[in-house]
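First chain A sits with chain B, and in the next complex the same chain sits with chain C.
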Partner chain A sequence: MQAGYLPRSSFIHRLNPLTKLVWLCVAGSVSFIVPNPRLLAVMLVIVAALAVMARVGHPWLVFMRAALLPALAITVINVLMSPYHGDRMLFASYSGDNRLLFHLAWGPLQLTVTAFGLQKGILLGLRWLSLVAPAGVFIYTTRPEDFAAALSRLRVPHSVAFAAGAALRLIPVLIEDIVTVVAAQRARGLQWDRRLISRARFLPVVIVPLIGCSIRRATDMAAAMETRAYGATAHRTSCYPPHFRVVDACAVGVSLVVLVAGILSRVGT
Partner chain B sequence: MLKDTTLAERSERPASGALTSALKVERLSFRYARRREWALRDVSFEIAPGECVLISGPSGGGKTTLLRCLNGLVPHLYQGQYEGRASVFGSDVAGLAVAAIATWVGTVFQNPDGQMLTSTVESEVAFGVENLGVPADEGRARCEAALQFVGITHLRHRPVTTLSGGEKQRLAIAGTLVMRSSILLFDEPLSNIDPGGASEFLAHLSSLRQAGFTVVIVEQRVRQVRTLADRVIWLEDHTVASDERCSTTSAPRAWLRFAEAAGSHEREDGLAGEVKRRGPLRVAPSDVAVAFEGVTFRYPYGPEVLTDVSLALEAGSWACVIGRNGCGKTTLAKLTSGLLRPTGGRVTVGGLDTSSHSSRSLCGVVGYVFQNPLHALHASTVKEELAFYPKNLGWGKDEVELSVDAALAAVRLGGQAHESPFVLSGGEQQRVAIASVISGHPRVLILDEPTLGMTGPDLEALRLFIRTLTAQDRLVITITHDLELVRHSDRVVVLSDGCVCADGPPTRILSDEFVAGVFGA
Partner chain C sequence: MTRSVHFPARDVALITIFSALVTVLVALTAPAVTVATAGIVPIPVWASFIWPMGGVFIRALVGRPFTNAFSGVVEGIVGSFILPIGVFGLVVLPAQGLILDAVFGWRRTKPTQLLPAVVAGALAGVFFVFIIVYVFFEVRKPFPLVASLLGGVAGSVSGGLGCLLARHIIRLGIMPDSAIGREAV
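Showing the complex of A and B:
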């Protein structure tokens, strides 16, 4: 899986990182506000369209495939954990009557699947997906240092902004490290089979080298930063700041309209 | 040559009387916190502005620590017991912040990736000026000048990860030039780049010298840098063993000492001089240990890394795989070890098809030492680390014990058997990583860049060691940029653009024109 900035030529890449940050926040909030699985699905389709426009459609799909497992877990857990209390539910948005679809009682263990529970599970699964989907587009289209610069513009202290940018930049490096460590240990006969014991053995064998590499990387990075005058002055400048164009203003405008519409739709119900 | 005047007017030197030295070290000793031995003992020397000095010596002799004393990382970032004095243009390093020293002293570190702090070329170059709070207009002008000076203006919008080793190094130089430092420190600049990148670097070094920079290079590959240096400081046993001027007529004694230490390894005579064939290569089909038949490989959704590779490597021989960064060398190694499977064609190892055998059944046959030892080291003692592989292969306790002891002796680490691999030096860790694969007695051994950070005696030992393995009818495959090592192998396979573009004994392959052709040097 690709997990970092992908340089492509698209208008989404050229948008100011602040614009994209606003969009990310709006999309996240709206996916929490919207009570309707169908609307969430529409949002997902829109994000997919944006990913395609940004020419990161394929890596975005791979990213979403990785997000699918937690989504399924959320759905399944919520479906199984919704007890049946007659046909009343907290949210008015569930449609139809609440019916008991499936019931299994085995000693103290009670498994119930209800119509509302099913709806709730699907809603929450979709909510998770539509929450992470814009994040994927954001990560693939925003240079970490632009993200840091954007945070600085918001008066976030530069050290915090730089750390956030560096964290974004180091995600793909960490993934690469994990892949290499696993390969190095497999080459020395390590097997990751399904037995729990060997998995417990597997962990330190991978995590210890990973910590070793990360400590080395952190020290190297600290040395490189210091010798390049990091922290020499409190008034750090930016030589190539991202511009805020008319397109950005429009995109921010559209995002805010969507946010207001989302809030209104919720208030309406 | 300088192409822009903005770089020429470098930072003001602090005024403190008549300055004859750019860098001065007086009776400097340093011991890292929680270490018993001194990393430097009573080191003194002086470097005049505009001088080009090579600091060399065996690994673990204190070279990198010395560099850290010059740019202030010792004692500011790396703490410990510090005695004596190091000064830059007359100012005490210990009394200045590292960021302040950075405007006089620029550092290019050994690992090109480790020093990249942002994701594109342009922002990477600008990082230093931005930290100094230089106004954006002037900062951009400095960045332009620096990019132009190192000749990478055309790469300015490229992501850092897509650059070659040589390009990354030039970027690192540009990143220090923007701060107008007039002293440049290089830590092992040749160790991480391919031979093409190395000659690029050397050409660049001479233009830095002509532009009047003071240059200090820590490097073990003396032969290549020697012609450019005014002086060689030889560090051995944590102190200065010799400090001599280079003249054009005679090689300094330090250099001869090095040649001696390395055996015939670095002698002046041409590349073909020392190569001896060790008996005829056997070609009986039963002796083929690794065979590639029309192998193609691509990562999912990626471009083709290998396009049609056919190759047969015999047991009991030593083959080297060389080629530019990113030409598919590591992919070839991973295909051999069964960690990857070919998308087309067939790879057989000791008669087993890697596509139809699990990596578990192959891992007893092929041992693979990865480039960075930190990717493998995990155990609490060296001994446990070595036992990991044979235990995974399901060996009995006594067998494991015997094989671990043999492997320890082979890499001369018997004394460190009960220490943690994480407290060892980089070179020792490398040897532990090699031993931790040897202990499983693989019939095919792959070594990825085994000579990083190794000097003369270590190299000699490695070569002898490889020879004992081939004498036991094992196949050794080394992936390397180190042409000095390649000279001693039986066979050289040159990869270029995913194909084998040359294959033969080193005498033929290492002719200068040929290497130049492959590496574009």
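Showing the complex of A and C:
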């Protein structure tokens, strides 16, 4: 799975990172506020359309395929664990009657699936997907250094903005490190292909070299930062400061309208 | 010239890399563990097994006040893109970091002391699991209490492991000029 910026020529790539961050926060908030699974599905379709427009449709689909398994797990667990009579949710509501759909009693163990439980499970699964989907588009269309520069312009402390940008840039590198360490240990005879639970036993064999590798990387990174006079001045400048254009203002405006509409729809219920 | 950062380059680099590493580990392992254990180990409980370990370890490496809050902010920003909790992490993870900071700031206990590390891990675990289960997944009684207890146990074990890991690094002498390296001297 691709886990970093993909250079393409699209208007979404050219948007200011702050605009995309606002959109991400609004999408995340709306997925909480909106209690309707159908509206969440519509949101997912819109995000898919944006991914296609940004020419990152295929990697985004691969990203979402990885997200499907946990979404299914969340749905199933919540369907099975929901109480029989259904409970009031902070950011969701139920429709129809709470009919009993399935019941299985096996000694003291009881398995009950109700209509409310099913609705809640589907809603939480979709909510999870609609939280992750815009993040995929953001990762593939935003350069981490632009993101850090944009955070700095928001007066976020430079050390935090720098660390966030650098951490985002490091994600693919760290995943590669994990893959390399696992491959190296397998070459030394580690039985990594066994069942997932038994892999837990071998975690120290992977984690300790990974820590050593990360410490070495941090030492190199600190040396590089110091040679570039990190922290020498109070105000950092950027070679290519991201500009906030009219199209960004329009996109932020639309995002805020969507947020207000989401809040109003919730207040109405 | 005035210095705008309170954390020197080395500490920022350590916090950056280990925050990213911990977040990647949670993102890669938590859903798989939950599916593999058929939901017996929920995602937040497994996450509460990894976060405090990373937090205690980072605190041991850097050794400055508010290290975990800084690390939590970075984890929250990175996590909002790759973690199941999304932008919710921007609130939960810095708050969890502040809990670790509060425990280690109280009477200036050190993360290489087992008891404070276990207590910090347990508190962080309980907080994380309760907020995620009660607010994010909106599961009501009695599951949040049970899950929070599991989170507390996972967090305390995790905090202890983070402490032992830091001690191991001291013994190996990998980082002589870090906080734990200075402590060893």
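The rule is simple: the second predicted complex is superposed on the first by the 251 of 269 C-alpha atoms of A that agree within 3 Å, B and C clash if a C-alpha of one lies under 4 Å from a C-alpha of the other, contacts with A are read in each partner's own complex, and residues count from 1 in each chain.
The rule is simple: contacts are C-beta pairs under 8 Å (C-beta built on N, C-alpha and C of every residue); 3 or more make two chains touch, one makes a residue touch a chain.
The structure presented is a predicted model; accordingly, all values stated were derived computationally and were not measured.
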{"item": "Combined model on chain A where chain B meets chain C, clash or fit", "value": "fit"}
{"item": "Partner chain(s) touched by A:Ala232 [first = chain B, second = chain C, both, neither]", "value": "both"}
{"item": "Chain B, chain C and vertex chain A (Cα centres) - angle in steps of 10°", "value": "70"}
{"item": "Touched chain A residues, chain B compared with chain C", "value": "C"}
{"item": "Which of chain B and chain C A:Pro209 touches, first, second, both or neither", "value": "first"}
{"item": "First (chain B), second (chain C), both or neither touched by A:Tyr240", "value": "first"}
{"item": "First, second, both or neither for A:Ala183, with chain B first and chain C second", "value": "first"}
{"item": "Partner chain(s) touched by A:Val132 [first = chain B, second = chain C, both, neither]", "value": "second"}
{"item": "Partner chain(s) touched by A:Met221 [first = chain B, second = chain C, both, neither]", "value": "both"}
{"item": "Overlay on shared chain A, then closest C-alpha pair between chain B and chain C (Å)", "value": "5"}
{"item": "Footprint overlap on chain A, where chain B in one structure and chain C in the other make contact", "value": "166, 208, 212, 217, 221-222, 225-226, 230-233, 235-236"}
{"item": "Interface residues, chain A side, partner chain B - complex", "value": "4-5, 7, 58, 143-145, 165-166, 169, 177, 180-181, 183-191, 204-206, 208-209, 212-213, 216-217, 220-233, 235-241"}
{"item": "For the chain B and chain A complex, residues of the former touching the latter", "value": "68, 71-73, 76-77, 97-103, 105-107, 109, 111, 114-120, 122-123, 126-136, 139-140, 143, 157-159, 175-176, 179, 301, 334, 337, 339, 359-360, 363-364, 366-368, 370, 372, 374-379, 388-389, 391-393, 422, 436-437, 440"}
{"item": "Complex contact set, residues of chain C against chain A", "value": "1-10, 12-21, 23-24, 28, 30-37, 39, 42-43, 57, 70, 73-74, 77-78, 80-82, 84-88, 135, 137-140, 143, 165, 168-169, 174-175"}
{"item": "Of chain A, residues touching chain C in the complex", "value": "24-25, 28-29, 31-32, 69-70, 73-74, 76-78, 80-81, 83, 87, 89-92, 120, 124, 128, 131-132, 135, 138-139, 157-160, 162-164, 166-168, 170-171, 174-175, 178, 195-197, 200, 208, 210-212, 214-215, 217-219, 221-222, 225-226, 230-236"}
